[in-house]
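Below are structures written as C-alpha cells.
The following pair of complexes shares a single chain, subunit A, combined with subunit B in the former and subunit C in the latter.
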Partner chain A sequence: MIAADAPKPDSILPQVEASRARADALFRLKSAGTWLVVIGLVLVGLWATDNIDTAFIAEWGPFIFGGAGLTILVSVVSIFFATILALIGAMGRLSRNPYLNGVAALYVSLVRGTPLIVQIYFIYLALPQVGIVLPAIPSGIIALSFNYGAYMTEIFRAGIQAVPQGQREAAESLGMPERLVMRRIVLPQALRIVIPAIGNDFVAMLKDSSLVSILAVEELLFRSQLVGRQNFRSLETLLIAAAIYWILTITFSYFQQRLERRMARGDR
Partner chain B sequence: MNHLRLGATVLASMMLVAACTPAGSGSASPSSAAGSSAASPSNATADIPAVVCVGEATTYLDWLNGDLKPDTQDAITEPSSTTGDLLETIKQRGKLAIATDANYEPQSFRKPDGSWQGFDIDVGTEIAKRLGVTAEFQHQEWDIITAGSWSGRWDISVGSMTITTGRKDLFSFNQPYYYTPAYMAASTRSGVTSVDQLPFDLPSGVEAVTRPTDSNCVEDIKANRPEFDLLITSGTVIDAAVTSGQPIVKIGEPIFQENLAVAIDKSGPTHAALLFEIDKAIGEMHADGTLTTLSEKWFEGEDLTQDPSGG
Partner chain C sequence: MTVEPSEAPHLGEVIVDARGIEKYFGRNHVLKGIDLKVRRRQAVMLIGRSGSGKTTLIRCLNFLEEPTMGSVEIDGLRVEADPLHANTRARREQIRQIRLRTGMLFQEFNLFPHMSVLANCIEAPMRVRGVPEAEAVATAGRLLEKVGLADKRDEYPERLSGGQKQRVAIARAMCMEPKVLMFDEPTSALDPELVGEVLTVMEELAHEGTTMIVVTHEMHFAREAADTVVYMDEGRIIEAGPPEQVLGDPEDERTKTFLHRFLSSFADREHAHDPGT
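Presenting the complex of A and B:
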C-alpha cells in the first residue's frame, strides 16, 4: 500500500507549508489584534475619565503637528553631520598614528561619558562666555551631531574591521597603496555593513531631538509643552506629541528594515 | 491557553487604566472641599502642606526666600550721542528682536495658528512701531531671560519683568509700563479661601518649590498632585486661570506690588539711546492712553497702568 502511494511523501510538503503559512498569518493577525484591542482599551479608558477635550485637540493639533517638520529637519541634518564625524572618528580610531588615535579615542570617551543634555546646554549657554554665540537650532544640531558622531564612530570602526582581511590583502598584493585600499576596497564594503546601523541611529535621533526643546527650538515636544502649559491640558498635548513621535519612528523603522533586508541580500 | 493569556492582558490593562484614573476627578474636589468646610468653620486652620509653588527665577521665589528687593527706575536722560548704539543697529536692521516667555496668559501666549498674543505682545509691537521698526518675537524660557548675558541673541525683553535691586545689576530698565499685584492662590480642594486659615507664617514658615513656569503650578494642582496647595504668581495670571476653569482661588490681599518694565542686557552693546527712546515711547503710551486701552483689553477691564504707590 505504502509503496503504491510513493509520491505521497512529496506531495504532503506543500500542504505542510500551507498550513504553516496559515498558522503564521493567524499568529500575526492575533498579534496585530492585540495591539488594536489594547490601544482601543487605553483610548476608551481615557475617554471614560472625561478628561480628553477633543475640541481642544482639533484646535491645537495642527500647531503641535507643525513642530514635526523641525524635528525631522534637525534629525536629518544632525545624522548627516554625525555620519561625517563618525567616518573621521573611525579613521582616527583605526589609525596607527598615536596622536590621531588619541584624539579620536578622547572624542569618543568624552562624548560618551557626558549626558547629551549637558552637551546641548554647554554649546548654547556656556560657549557664549568665550565669545562663540550660536543660535538655538544650530546649537542643537551641533550637539546632536557631536554626540551621535561619537557613538557612530564605534559602529563605523566595527564595520571597517568587519571587512574580511583577505580583501585588503588582495588589494595590497595588486600594488594598491594603503589609502587607495581604504577608499576603493574597504570603505565601500564597510558602508554596506553600517548603513542599517545609521538608519537605526536615525530613529533614535528622532526621539533624542526632543531634548533640543530646552533651547526653545519649536519642535514637537516644545510645542506640545507650550500649548499644554498655556491651556493646562498637558494630557492631550503630550498624547499628541507621543502619537506623532510614534508614527514617525514606526514609519522610519519600516524603511530602515527594508533597507536592512536589501543590504543583507548580497550576503546570501 | 492563549485566549486566557489575552484575556488576562486585557483585564490587566483595564485595571491599569482604572487605577490611573483619579477616582472621579470631577467630583473629588468639590466633595472634599465641602467636607472640610462642613467639619470646620471657615476661619479654622487648614491641614495642607507648608509648601508654596512658584515659577523658576521669579520675584515670587525671591519673596518666599526673603530676599525680594523691589525697586524703581529713575528718569532716563537723553545721551549726547547715538553713534554705535544698539538703537542704530536695530534701525538699520529694521527689526526689534523681543524675547518673551509665552507661558504667561494673558501677558504672552500663542494662538492655534502659532502667532503671538497678549498684553506684552501688544506693548512690544507698539514700542517697535514707535521706534519705526517691526517687532520680532522669540520664545525664551523665563530663567534664561532673567539670567542676563543674552549674547546679542535678542535686543530687549518685553516680558513683564519686575524691577528689583538684584536685576538692576544685570539689566537697564525703563519706567514701568504697568503694575501688577502678586497674589497667593489656593487649590479649591484645600478649602482655603483666606490667608488667615493658613497654620503657618508667610513667608518664613513655608518651603518653596519651583516649576519651570508659574502655570506648571496650576497644572500640578489641576492634576491633583499632593505636593502643594498654594502658589504665588501675578494676580492677572491667577484671574486668567480661574476664568478658564482651573481649580484654584485667589486668596488674601496683594502680597507685593510689581513694577514691570522693559529690560535690556547690560553686558550687551551700548544702548543708552535705545533705552531713552523706549522710555520716551512708554511715556507717550502712558500719556495718550494706549497702555490703558491695552490693559483693559487684556486684564478683564482693569487698568493696571497707574502707579499704585502714587509715584
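Presenting the complex of A and C:
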C-alpha cells in the first residue's frame, strides 16, 4: 500500500537527476583543483626557498620553447613514415609468401629486441663506417620511423585481423581479386580500428623524440640541456622542457579524444 | 543422387553442376558425395537438420570452402577440387571466375559498413567488371527500386534495419548479374517481423525465373517459391523433388521425421506466442 501523501515517483526524478549532476560536477572540480594545488605548492615551495630563478626562466624559456617546433616536426614526419612502414610490415606479416613474411617478421623482431637508443646511434654513428653518412635530423627521423614502424606493424596486423571474416567473404563472393579486397574493403575498416592506437603512438613519439637530442638535434630537450648545463640551472631548464612536453601531449590527447568521439558518432 | 525435376518445361540449360563433392573438416566428414544440378530459372531450396552440411555445400559451390574432392561447374566453367592445396595463381583466377558467375547472400548480410548503400552496389561492377559509373549507378538504382529501397541509396548500412540490409545485399549481388543466386539462411538473423519483407523479395525473384539455391528453415516459403526441395542429412542428399512431394508426402523416413519434428516445434512456438496461455 502506498501512503496517500507519498510523492509520486515521477515527480522526484528530475530532482534526483539534478542532484547527481551537481555531485558529478563537484567531483570533477575537486579533482582538477587537486592538480592546481599540488603543482602550485611545488612551484611556490621552490620559489620561496630560493631554489628556482624566475628571472632565468623568463630569460631562457623562449629559447627552449623554440625547440618545440623541431620536436613536433620530427614526431610528425616520423609517425608518417612509421605508418607507411607499418602498413607494409603488416602486409608482409599476413602474406602467404614465405619470403615477404620472413622479412617482415625479422624486421619486427630485430627492432623489438634492441633499444631505441642503440638504433639511433647505429644509424648516426655506425652506418658511416660502411659509407652511409646521414645528417643528424634525418638519422633521428629514420631511427624513430623504423622503431615505431615495427611496433605499429603488430597493431596494423591486429587491426586487419579484426575486420570480420564475413567482409572478406562478401567481397570475394562478388569476384573481387585479393588486392582489391584488401585495398577497398579490409584496409579502410582496419584503419578506422587502428586510428586510436596511432594517436597513442604519436603521443609516445612526441616524448621519445627527445632521444634524438643525443645527436645534437636542437629540439626541446637538447636546448634545455644546453642552457641548463652551461648555467648550472638544469632544474629550471628541465622544468621548462617537461612542462612543454606535458602541454603538447595533453593538447594532442584532447584533440585525439574529440576525433575518436566524432568517429564513433559518424557513420563513415 | 542427382536432382533433376522430371517435368519442368520452363527450366533452361544446366547452370550449376556439382559432382561428387566431398568435404572433410579435419577428420570430420561433412559432405559425403553430393551431386547437384540446377537449371536456369530453377529455384532449389535446401533443407535439413542443423549440422547436416547445407551451409558447407553452398559455400563449396563458390569455393569459399574448398571441397576436398569433386568438381563444380557453373555456367560452363568447371573447377576441380584441389586436395593437395596446390593453390596456383591460375586456379585462384578460375575460382574468381566462378564467383563472378554466382551471387552469395549471407545470414549476417555483410554489407560494407564504410560505404553507402549505392557505393556497396556499384563497387564491384565498376572495379571488377569495369562498368562505367553512370551505367553502374543506373543498374543499382533499378535493383534498389526492385527491393523497395530506392530512397535509401545514400544511407549507410548502420542506419538500416536487418531486413533492409539483407535486401540491399540482394540488390548488391544482383548488380553483378550472376547466373545463380545462393542464399544461406538469409532470414535467420532477422527479428521475426522483418522476415516477411525479405522473403517477399525472394519469392518475387523466384517467380520471375531467377536461378537460385536457398538454404532455409522457412517451410512455408519453400513450399511457395521452390521448384525443387532438397532434403539433406548427414552430408548426403536424401530426397529431392517438387515441394508438394518432399514437404507433403516424403518417401524417406528421415525426411518424414525431420518434417514432423520441425513442424511440431514450429507449432510449439506458435503456441507459446498465444496470449491465451
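Just so it is clear, the second predicted complex is superposed on the first by the 257 of 268 C-alpha atoms of A that agree within 3 Å, B and C clash if a C-alpha of one lies under 4 Å from a C-alpha of the other, contacts with A are read in each partner's own complex, and residues count from 1 in each chain.
Just so it is clear, contacts are C-beta pairs under 8 Å (C-beta built on N, C-alpha and C of every residue); 3 or more make two chains touch, one makes a residue touch a chain.
The shown structure was predicted, so the numbers you read here are calculated from the model rather than taken from an experiment.
Bringing the complexes onto one copy of subunit A puts subunit B beside subunit C with no clash. When the shared chain is aligned, subunit B comes close enough to touch A:L226, but subunit C does not. Subunit A is touched at more residues by one of its partners, and among subunit B and subunit C that partner is B.
Contacts of A:G45 after superposition: subunit B is touched, whereas subunit C is not reached.
When the two structures are aligned on the shared chain, A:L174 is found in touch with subunit C, with no touch to subunit B.
In the overlay built on the shared chain, the residue A:N200 is in contact with neither subunit B nor subunit C.
Legend: residue contacts after superposition of the two complexes on their common chain; A:Q189 is shown touching subunit C, with no touch to subunit B. In the superposition on chain A, A:G166 makes contact with subunit C only, not with subunit B.
Taking the C-alpha centre of subunit A as the apex, the lines running to the C-alpha centres of subunit B and subunit C meet at 150 degrees, rounded to a multiple of 10.
In the superposed model, A:N101 lies in contact with neither subunit B nor subunit C.
For the pair subunit B and subunit C, the minimum alpha-carbon spacing after aligning on chain A is 45 Å.
By the touch rule above, subunit C contacts subunit A in their complex via residues 62, 64, 92, 96-97, 99-100, 102-104, 106, 108, 110-114, 123-124, 127-129, 156, 158-159, 169, 172-173, 176. On the subunit A side of its complex with subunit C, the touching residues are 164, 166-167, 169-178, 180, 184-185, 188-189, 192, 267-268. Put simply, subunit A touches subunit B in their complex at residues 30, 34, 37-38, 41-42, 45-46, 48-51, 59-60, 62-63, 66, 125, 128-129, 133, 135, 214, 216, 218, 226-232, 234.
Those residues of subunit B that touch subunit A in the shared complex are 2, 6, 9-10, 13-14, 17-18, 20-22, 25-26, 102-103, 105, 109-110, 112-114, 138-141, 144, 149, 151-153, 213, 215-216, 218-219, 222-223, 241, 244, 246.
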